[in-house]
Amino acid sequence: MEWVKDVKANLNKIGFIGLGNMGRPMAENVLAKGHNLVVYDVQQEAVDSLRELGATVSQSPQDVAAQVDCIITMLPNNACVLEVYEGENGILKSGKKGSLLIDSSTVDPHVSKTVAAIAEAQGHVFVDAPVSGGVNAARLSQLTFMVGGPSEVFPAVQDLLFTMGARVVHCGPVGSGQAVKICNNMLLGISMIGTSEAMNLGIRLGIDPKVLLTIINSSSGRCWSSEVYCPVPGAMDNVPSSNDYKGGFQTKLMAKDLGLANDAATRTATPTPLGSLAYQLYSNMVNSGFADKDFSSVYQFFLRRGSMQGSNP
Amino acid sequence: MEWVKDVKANLNKIGFIGLGNMGRPMAENVLAKGHNLVVYDVQQEAVDSLRELGATVSQSPQDVAAQVDCIITMLPNNACVLEVYEGENGILKSGKKGSLLIDSSTVDPHVSKTVAAIAEAQGHVFVDAPVSGGVNAARLSQLTFMVGGPSEVFPAVQDLLFTMGARVVHCGPVGSGQAVKICNNMLLGISMIGTSEAMNLGIRLGIDPKVLLTIINSSSGRCWSSEVYCPVPGAMDNVPSSNDYKGGFQTKLMAKDLGLANDAATRTATPTPLGSLAYQLYSNMVNSGFADKDFSSVYQFFLRRGSMQGSNP
Amino acid sequence: MEWVKDVKANLNKIGFIGLGNMGRPMAENVLAKGHNLVVYDVQQEAVDSLRELGATVSQSPQDVAAQVDCIITMLPNNACVLEVYEGENGILKSGKKGSLLIDSSTVDPHVSKTVAAIAEAQGHVFVDAPVSGGVNAARLSQLTFMVGGPSEVFPAVQDLLFTMGARVVHCGPVGSGQAVKICNNMLLGISMIGTSEAMNLGIRLGIDPKVLLTIINSSSGRCWSSEVYCPVPGAMDNVPSSNDYKGGFQTKLMAKDLGLANDAATRTATPTPLGSLAYQLYSNMVNSGFADKDFSSVYQFFLRRGSMQGSNP
Amino acid sequence: MEWVKDVKANLNKIGFIGLGNMGRPMAENVLAKGHNLVVYDVQQEAVDSLRELGATVSQSPQDVAAQVDCIITMLPNNACVLEVYEGENGILKSGKKGSLLIDSSTVDPHVSKTVAAIAEAQGHVFVDAPVSGGVNAARLSQLTFMVGGPSEVFPAVQDLLFTMGARVVHCGPVGSGQAVKICNNMLLGISMIGTSEAMNLGIRLGIDPKVLLTIINSSSGRCWSSEVYCPVPGAMDNVPSSNDYKGGFQTKLMAKDLGLANDAATRTATPTPLGSLAYQLYSNMVNSGFADKDFSSVYQFFLRRGSMQGSNP
């Protein structure tokens, strides 16, 4: 792949599409590291803000694609990714060849592969690079990127993504970044619910929560949720559960990731009984007023919520 | 509790009831540390073996209780514990007072509390002290004991249990040892199933299992099962999954512990949707030929088992 | 069993213990059919009300047992049944022999068998006879009784229960009434949730609920819930869903019955994955403000409850 | 829609694509009712068989479309439907306008809507009409058709489908036939599993299965599975459970339909906890050797399968 050399040469002018809660601070960090930036978003305010910081504003994804050889996209869902890449004024309508396209959205691995195939047919390289870490990590350039794509372009991708993150991992061919992310997050969702059930059961059986947590964390029950993100208020400092479940990773985002895992499991006929029930529980929480709280609030979801008793639910 | 002093004085003569797979090596270790031992079991062979090592053999639990001031019991289930303590020739029929009774069986915390209340009414102290670690840990005196009982007797209990274990943790009042154990093991069962689902899904999505495991273990999906006990054959050395799921912690024992957690959750009206489904899955495995395999074989349970296709299941 | 003749002879004087929401109208109907009645309850008001209607008031279950040869009990849970029969002033402390004891409480079949064994040892016959049908059916003598006990006494039991019900079914030996009831109600809970899921999914896919219901009811998806008790408001007249889920069979009672089924399944190592999840869902509803609503409100539980969005759950 | 008149005029020459287990007897019935038939399938044997009965054989879906104004398709899955309609030699490549296209495959409602939109843009009417009933019903013209499409064409569709079925139901706009079918079958899968759990639990609690079934069927637990398709061998005559689970509706087909319901629920964010677990259980059965057995064999799946005990699963 001779082409990789060209890509490297052009990394000083970058396109960035999708300037939402995550995309905006990410774009700001790319700009702050000295790259020229051409941006696009449907929200005028976000666009204006980047313009003030020195970015060039563009009128469509197609228009961005015409001006740069490397584009980063950060979009909310499957439909937006398909629209921005394959839509009427999409990136792949620019008529250009040989661009490096990096999608940091969290979407179905199947969508990544579909877009990649069309992009490849036009001579582009498409890479999926979903992130782990929330808005704060985005602001502080502390994101983790899980990258799926040809290993030949990984060094260039890594150089660029380090402007926004602290860790860039190559997971395999295109779609692998998404696959690894949804597998990890499915396991995270399951073990967070499990930790909440185990802590709640222990407390109702009369065990002191801090004693229980200490023993679990030196035993076979330990997991990330029990070790650094305990869902029981007051058991640990500086975690969302001790701040009314504010901040952190929102329940609605966990529900979205579990939905993607559910889709992938159905498509590949993979049994995921706990992952599937975890999806149902987080969906139920979204329907029950927990959408914007941190996902560790599943502990609270399991408590008897007395104030609602008797009220019209 | 003046009584504690007396207990300490008498620890050189110990009763041991229940000489099964776990109880026998435990009793041997107590003997090896220089204590006199009075034993009882329904299996003649186990009893004979301990006699040859120097133990005194007794004819019933009541008979053991008449000869010693401190008894350890290691029994398979609720019914056996109730029989050995409260039955016709049970420990509590001896007419003695002031004994230290340590039950290392894994049973319902409710059973521990019930027996403790009757024992206390007779002037005894009853302590629950279920273990974590299997037959090998029992042989090597490497068990962990989770102790529930009055803190006044804990030092004496600890001294004695260190003859059989490497770690003795005080969890709270009587029943707490059982409660902590079932909470930990419920979370363990959930995260083992979750790890198996996530690894299987990733593999079917085309990810290399070792790559996936490495990323999960440096991310929020990590848990004890993913870090030191990976259920995917070949992904890790020296674990049951790489030895045809032999050794380790049997599926039927995990099913038993999850059943105890399920009972405790129902009795205390605690929601445990994943714990409850984990119990169903492990019960199903017991019914499907996995009873004696290590509990990480749930990974194998999720694979398409082609050789059975078409056979009469 | 010669004894049955004696039982028949004494049915004109009946003891009744437990005068709650169900027991009180049941006792009134026994009285209204011309039987003499000796009653006991811890609630003074209920007792006074029966006295005004002509019943004799007694001071304890033991006291009731001393005055009659046939007793009906209608109590809220396992613990109350054990207390009323085996407690200090319990029925089985009267020193009498040869009474017919009919327990209409819904409890664990294991409790029924335990009490029956002790009763039998004293020369009594104990029969479990839980009911189906709510407070209205109790008032109108329209209850269904599911009876477990020796077939020799069934004719006498039937005669008596027909004073309170429209249908009396013999299910097998003692405990069978309870077993049949929890099996039926477990299946009812499962199919009500299933109906709610199917109707909700169809509606969200754009199908008219009445069209969907009509097709299901002439197809293989039909069940009691879809045919006569549709959970979707407005799809059917004269059902709780069309009356804000008032009346009917309360969610907390369904949760109780599913808990009994869950206990029985765990004790007998019977796989019940859907029954177990149904129990979790109804428990969650009890915790979420639905305790007193009809159990068909699970349909509402699945809807996005917008008014709670953003409020502190 | 003036066009409907034309459609009616052309019903004596029909295209039929997809001559598998279901499609072949369906096509034979259309032929037997006096319609001319133009057929296509990738399997030569099926095609030859129809030719011998008088059908004209065609070389591709596009070729069929060129010769007739009305086509019926009966295909195994989403991908085949997309290929046959939108593929390179697909129906929609014929350049014709104004055909009536009836798809009797069971697929995602979303697929039906997608194909319908493209068909409509070319002046065709596309109708989804999945069937209920198996191979025997297909042979005997006893199928039920659930039709989604414009009401203007329903009379013509109905006339044609009555050549193959006994019942034709209009469910709403295009996609509604699929939606109704997956909702009905999801509820069917749930209540079959529920019936199996309830019967198994009752039997293990000592109840006679026929007594239990009789009571459930006159109570609130009753459903189609308990009334006419009991999964317990010997409890009912002439059902698959009494014939070693041969015939009937295969487990793999139930798993497929539950997968479609699962997809639709995820896409519409509809909570389906039991439907989702039912899908997991039927998928697990497919992986465990039950794929070709009737779906009521879930009862057998729940039994302890002793012969496998100890064997390498």
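Letters A, B, C and D mark the chains as written, and numbering starts fresh at 1 in each.
One rule holds for everything that comes next: a residue touches a chain if its C-beta (ideal position, glycine included) is under 8 Å from a C-beta of that chain, and two chains touch if they have at least 3 such contacts.
Keep in mind it's a predicted model, so treat the numbers as computed, not measured.
Just to note, of C-D and A-D, the chains joined by more C-beta pairs in contact are C-D. Of all chains, C has its CA centroid at the greatest distance from the CA centroid of chain A.
Distance between chain centres (mean CA atoms), chain A to chain D: 38 Å. Those residues of chain C in touch with two or more other chains are numbered 271-273, 277, 284, 286-287, 302. Contacts from chain D toward chain B in the complex involve residues 277, 284, 286-292, 300-305, 307-311, 313. Residues 259, 262-263, 266, 269, 271-273, 276-277, 279-280, 283-284, 286-287 of chain B are the ones touching chain C in the complex. Chain contact summary for the complex, chain D toward chain C: residues 109, 132, 144, 146, 169, 171-173, 175-176, 179-180, 182-188, 190-191, 193-195, 197-202, 204-208, 211-212, 215-216, 219-226, 229, 261, 264-265, 268, 270-275, 277-278, 281, 302.
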